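Please go over the structures that come below.
In the two complexes below, subunit A is the common chain; its partner is subunit B in one and subunit C in the other.
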Partner chain A sequence: MTVLDRRSNRLGVWGWLGGGRWGMERYAYILHRITGLAILLYLLLHIVVTSFRVEGIYLWTGNGFLHSPVFEMGEYLVFAAFAYHACNGLRLVLVELGVAVGKPTEPVFPYKTSLNVQRPLLIGMMFLALILVAMGAYAELIG
Partner chain B sequence: MQRTDESMRTVTFHVSRYQPEGKRGAYVEAYDVPVHEGMTVLEGLHYIKDNLDSTLVWRYSCRMGVCGSCGMLVNGRPRLACTTQILHVAGGHLAVGPLPNFEIIRDLVPDLTSMFEKHVSIQPHILRKNEEEVNSTEGEFYQSPEQLEQYLQFAYCIKCGCCMAACPTMATDARYLGPMPLTAAQRYNADTRDDGRQERNLQTGSPAGVFRCHYGGECSRVCPKGVDPAKALQLLKRRLVLDALHLFRKKEPCRKLEGSGSGEVLPNIAAAPAHTVQCSGQS
Partner chain C sequence: MNRTRLWILHMAAGVVLFLVLGMHMAIMHLGGVSHLFAPYAGTADSIQNSLFRDRMPFFTVSYVLLLGVALFHGLYGFRTILFELTLKRAAERAITVVLLVVGLGLFALGTWAAVAAHGMALAGVKG
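So, the complex of A and B:
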């Protein structure tokens, strides 16, 4: 018997993003991953920069690069990423512990799913993240 | 079933093709299909095969959303071809492709073997310590409507693979068990007759198991039967966490009631008909 070649149809990393016709939770998922990796990168940089202190180099004093507007903007983005990641992370903790997804029910068309059950939590958390980001911007501007 | 009334519209089907014996790889072929209201994507494919191109291949059986054979990517979303009306999802154009995250055998036919192997691996059947009790035809297991409700939704799954095709984790991780098999695991774990959760935990809590799910929710969004796999998976995670912390109070699986029970038959209920099949142990 000849075995014919199969064609792999696995989407790869593009599959994380979806085709642009996906729901809110999919975008929350991909943003959570990006912000998680971004603050991880920041943490590593932070360790490198502060470790120079051992050599007696204090990069954050004076008027060096760390106080340039570009870097301050970068710091603000890290804060915004953290605000989003933390708020969405709290929602995920609740959802993934099965607290905010509702009970199993008989499916009746048009189907309502756990996505509908946890949606108010998602919206509330995004609202909270927005407030934190706005407060950060205010502090940055007057500070 | 050809009609020529005014409501007919032409929709161009852009169908993904693949022939393993050819050297071309995957390519897209366009077909103009006259469409009437209520016509399904499956009927559109039949029109193409009957009138335009007899070499087009896809898989289907029940043509009414029951068998789970006809899952495919319709305008970028995994759907059943037989329960999707063309005019509900398309203007002048409709893209039809095979389900992502599977190997493609030909044209629109995915090889679902990988999914079924994972399904078998979570032991999708009632597990009890006492084999004899399960295999004997005598007596019955008692289950209340409330207990039935704990798993009934997850039992509606038709194994179409749409959720597996939509899942972002499946897109990069071939080992991930995936929403369909894990939903089946929760379906049996939540069944009061079952005593196999600890055994399944080894599979569902493994590195290829349910903690690979990040609640993107796509599986629940595309499921054609309202099974809500994302819900099943989060409930599964909950039990795994509680089991790991030894926080769940121990529950025995429901007992088997021997004989015909002690309930009284209400006066207005007719007597049961005589047995048509002789069970072993019955005279």
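So, the complex of A and C:
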């Protein structure tokens, strides 16, 4: 009997970006990963920076170090990343629960893919993300 | 806890984040439009507006909740990405330990700060 080696079909770093069929969902997934990592990095720094307020140090206000246009712009990008990650993440949870993926059908040629069935949900969620990104920009401009 | 359970928890954390982080973002980033929980002039992150929220127990509790859920969701997600490389078991274990230490450490720091800030805001600290 052959022994299965769990490392025999490893893709390594290529598995992060390549592999699999490239469709709209693939790009959605890559962006989900990038935005997830970006907001995680922000979160780790954010916890430390905001904890300083106990010492009366508010780095993000007045003449604080973080109160410069570059950091304000960066904060807006974090908001945009959140808007995308949240909307796409909710879509992933819904799809995982079997919402909007259609009923299973017999695998008869020509085969149908459920991707086409759940695509309207993707488009709807991207639309929602776009609205949030635009609202954020508007609030930033008038705020 | 087995991996399937942790993964379900990761998904559930995403849903909780959608609500709690959604509220946080609506207050902090859509403040120009929403003016939620920021009665003083200036931006939602001004010192006066921060102290106003820090005074309310609701915010202290929701900050600690957000802190825990976001740290778990983010770090567990990062761990998943690293584990996709099919590492050696020892490396996987080391990653788990490092992420646990980072997560618990930042959770302790953030919780302490949220509770202390609440006390200071109640005591009437001026910004």
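Here is the rule we go by: the second predicted complex is superposed on the first by the 127 of 143 C-alpha atoms of A that agree within 3 Å, B and C clash if a C-alpha of one lies under 4 Å from a C-alpha of the other, contacts with A are read in each partner's own complex, and residues count from 1 in each chain.
To be clear about the criterion, a residue touches a chain if its C-beta (ideal position, glycine included) is under 8 Å from a C-beta of that chain, and two chains touch if they have at least 3 such contacts.
Remember, predicted model here, so these are calculated numbers, not experimental data.
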Which of subunit B and subunit C A:G12 touches, first, second, both or neither: both
First, second, both or neither for A:V93, with subunit B first and subunit C second: second
Contacts of A:I47 with subunit B and subunit C, given as first, second, both or neither: second
Partner chain in contact with A:F65 - subunit B first, subunit C second, else both or neither: neither
Touching partner for A:F79 - first (subunit B), second (subunit C), both, neither: second
First (subunit B), second (subunit C), both or neither touched by A:R26: first
Which of subunit B and subunit C A:I142 touches, first, second, both or neither: second
Which of subunit B and subunit C A:S114 touches, first, second, both or neither: first
Shared subunit A contacts, counted only where both subunit B and subunit C touch the same residue: 6-7, 10, 12-13, 15-16, 33, 92, 96
Subunit A to subunit B touching residues, read off their complex: 4-16, 18-23, 25-26, 29-30, 32-33, 92, 95-99, 101-109, 111, 113-115
Touch list for subunit B against partner subunit A, complex: 18, 20-21, 25-26, 75-77, 98-106, 110-111, 149-154, 156, 168, 170-172, 174, 190, 213-218, 220-221, 223, 225-228, 230-232, 234-235, 237-239, 241
Residues of subunit A that touch subunit C when the two form their complex: 6-7, 10, 12-13, 15-16, 33, 36-37, 39-40, 43-44, 47-48, 50-51, 53-54, 56, 58, 60-62, 75-76, 79, 82-83, 86, 89-90, 92-93, 96, 135-136, 138-143
Touch list for subunit C against partner subunit A, complex: 11, 14-15, 17-18, 21-22, 25, 29-34, 43-47, 50, 67, 70-71, 74-75, 77-78, 81, 84-86, 102, 106, 109-110, 112-113, 116-117, 120, 125, 127
